[in-house]
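So the structure is just underneath, and the comments pick up after that.
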Amino acid sequence: MGTQDVQPPIIHFATLDKILSLGRANSLWPMTFGLACCAIEMMATGASRFDLARFGAEVFRPSPRQCDVMIVAGTISKKMEPAVKTLYDQMPEPKWVIAMGNCAISGGPFVFEGQYGIVEGADKFLPVDIYIPGCPPRPEALIEGILELEEKVTGFRRWPRVEAK
Amino acid sequence: MLLAKIKEALSSLYDGIQETPETPETSEAEEATEEAVVPSEETAPAEEAQAEEAAAEAAPPPGPRETDYAAKGYHLDVDLPSEKVPEAAEILLRENFFIESIAGVDWIDDQQLEAVYDFNHFDELCRVVIRTRTDRNNPEIPTISHIYQGANWHERETHDFFGIKFIGHPNLEPLLLPEDADFHPLLKDFKA
Amino acid sequence: MNGLLQQDVNQETFTLNLGPQHPATHGVLRVKLEMDGEYIVEAEPVLGYIHRMHEKMGENRTWVKFLPNCGRMDYLSALSYNHGYVATVERAAGIEVPERAEYIRVITVELNRISSHLLWFGAFVLDLGGFTPLLYAFDDREQILDLLESVTGSRLTYCYFRFGGVYNDIDDSFIAGTREFIKRLRKRMPMYDALVTKNIILIKRLKDIGPISKDMARRYGATGPVARGSGINFDVRKHEPYSVYPEFDFDIPVYEEGDSMARYMVRMDEIEQSMRIIEQALAKLPEGEVKPKKAIKMVKPEKGDYYCAVEAARGSFGIRIVSDGTNTPYRMKLRSPTYSNLSLFGEAAKGMLLADALALMGSLDLVIPEIDR
């Protein structure tokens, strides 16, 4: 979840909270934040074969003020870091962050002795909720990541888990 | 055909360059090389070849050198001092070459920085490489961005990575590094 | 307060930031625009937001360990970048490549070129406002990705070529699948042509937009479809043949007008030409080995520098390597085609409407990680 200080409501309704979180999980609107190669797999997930629209997350909004999940797909360079933080701050609460791909998790294949240009992982300056490994991760992995996020939001797993045969 | 033409055009740049002292002293055709030292390089290759073989430590005569394309990937190798680079670029633009890239190389053992300019031609295959070396502690090369506008970005990138100052460049700010970067990453002694 | 009142009321230009995060910039590109109303007075691209230090990594990795980097520079046509790097080192070290491997290289590179052009087509029309062709283009592209995944193991950032051949041999299901795919795509291309290329809205948005002259292309070093759309007949596959391209019979589409429509048509025609090359290559595929007997792990080229260029989907990709005789490169310079293509945007976009400038940017086919390397 986000880190801003949001005043909690004075009266809590358990059932209303459950319904609200179910609604939020059912329509997560991602922000188009493809930085590098993982962006193409994100586009492929939104396209016809893998179809993220089935899970309610088809509406990729360019503006941060209209979306609730930021999928950091790609390498974050030191020049880009202030821009990412600004965009994260512009998103309204409640908001989540998915780190997609090895570069967003820990710098990926670009970490070497004496590197001067990239930030080694999105969690160095953002609170990340879900990590999706891969270089780039398959679209099915991104869908699984969205389903895990839904589990985090609602508290229970809404879709069956894929078993290895 | 284009290769011969551009070689001749570029060799006129070497008129002012001094001949290295070893070659005339050790060659047999001493008189021939002494009277017409630089311009007759292409017309007297046989005598020169003898002179070069005769003196093992004689430096090769300055001038455009043809290279083995299949082994190296380019046709003409031109070694110039930094001041002559804009003239060479003007000659190449007149002959309708286009600029492919500008690369910097850090020769830390020689304490020199080298800039390598790659040119190619749209109609006939002919790759010309211009090299120039400059001192590592105060690297300065005149710009060619008023001749080849594409060199504007190439020179900014070379300045970013190596710190070579291109004299006369309109804005030599960092291109690929952050705007406030003051380090030059591709130098051999760079520590993050 | 006085300063505000004394400001020139005729000062009409304002600065607009086409920021690093933008749906139409195909990556993290920032363009600083000086606008006079809706017209652009000055445009200056700002790069470096995805600078991933490929050239520095070239000096820190051995020749073999640099191979995965090649796929991540221009990830849409990663195999041509693989090809360029492998061809340069093979030229420097004198490594022979078996003929079957060369044919497999050509087939996979051309398939990758088709998938790159299909994605460009979808994204370009998306920039202009049409969402549906993207879904159809991605559908065709997924077929190619299936084929290439069965051979190379990855969907996007391939690392398939090795020094002296390729990593894996192709089998009959790949050959049959490729033939099937070409038949299918040949049936789909007339649909793209009728619905998109002949669409009056697309024609009005692209015709006479963003003219690039031959002289401009020469001074900036533009290659690839950007140069071929301006009447320059330059394609590395015909101009400086490498690998087994001389064996195939294919044309180079060249259009004279120099506007965005010409660049669009060049790429659509190139898809057809790539299909021709693949068909001929599949028919002539020889038997034999695809990799050297012993995998090459250490390469020690002679001291000196070497250069090699290949035709990637976006232009002429060149690598200049400086070797000092050891197992690690001394310097690796990567000449990316989109870098030179984008550098003419500042001059070409002067005086255009903002929407037209975006159409010009889309027709240049940008992939920003390739520019920033």
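Read from first to last, the chains carry the letters A, B and C; within each, the first residue is number 1.
As a convention for this text, contacts are C-beta pairs under 8 Å (C-beta built on N, C-alpha and C of every residue); 3 or more make two chains touch, one makes a residue touch a chain.
These numbers come from a predicted model, not from an experiment.
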Chain whose mean Cα position lies farthest from chain B: A
Pair exhibiting more inter-chain C-beta contacts, A-B or A-C: A-C
Euclidean distance of C-alpha centroids - chain A vs chain C, Å: 29
Chain centre separation (chain A, chain B; CA means) in Å: 50
Multi-chain contact sites of chain A, meaning residues that touch two or more partners: 79, 114-117
Multi-chain contact residues (two or more partners), chain C: 48, 51, 53, 56
Multi-partner residues of chain B (each touching 2 or more other chains): 177-178, 185
Chain B-touching residues of chain A, taken from the complex the two chains share: 78-79, 114-117
Interface residues, chain B side, partner chain A - complex: 177-178, 183, 185, 190-192
Residues of chain C that touch chain B when the two form their complex: 47-48, 51, 53, 55-56, 59, 88, 91, 217-222, 227, 232-234, 239-240, 304-309, 316, 318, 320, 322, 330-331, 333, 335, 339-340, 343-344, 347, 372-373
Complex contacts: residues of chain C adjacent to chain A: 19-23, 27-28, 48-53, 56-57, 60-61, 68-69, 72, 75-76, 119, 134-136, 138-139, 141-142, 155-157, 369
List of chain A residues in touch with chain C within their complex: 32-37, 39-41, 43-44, 47-49, 62, 74-75, 77, 79-80, 83, 87, 109-110, 112-118, 135-136, 138
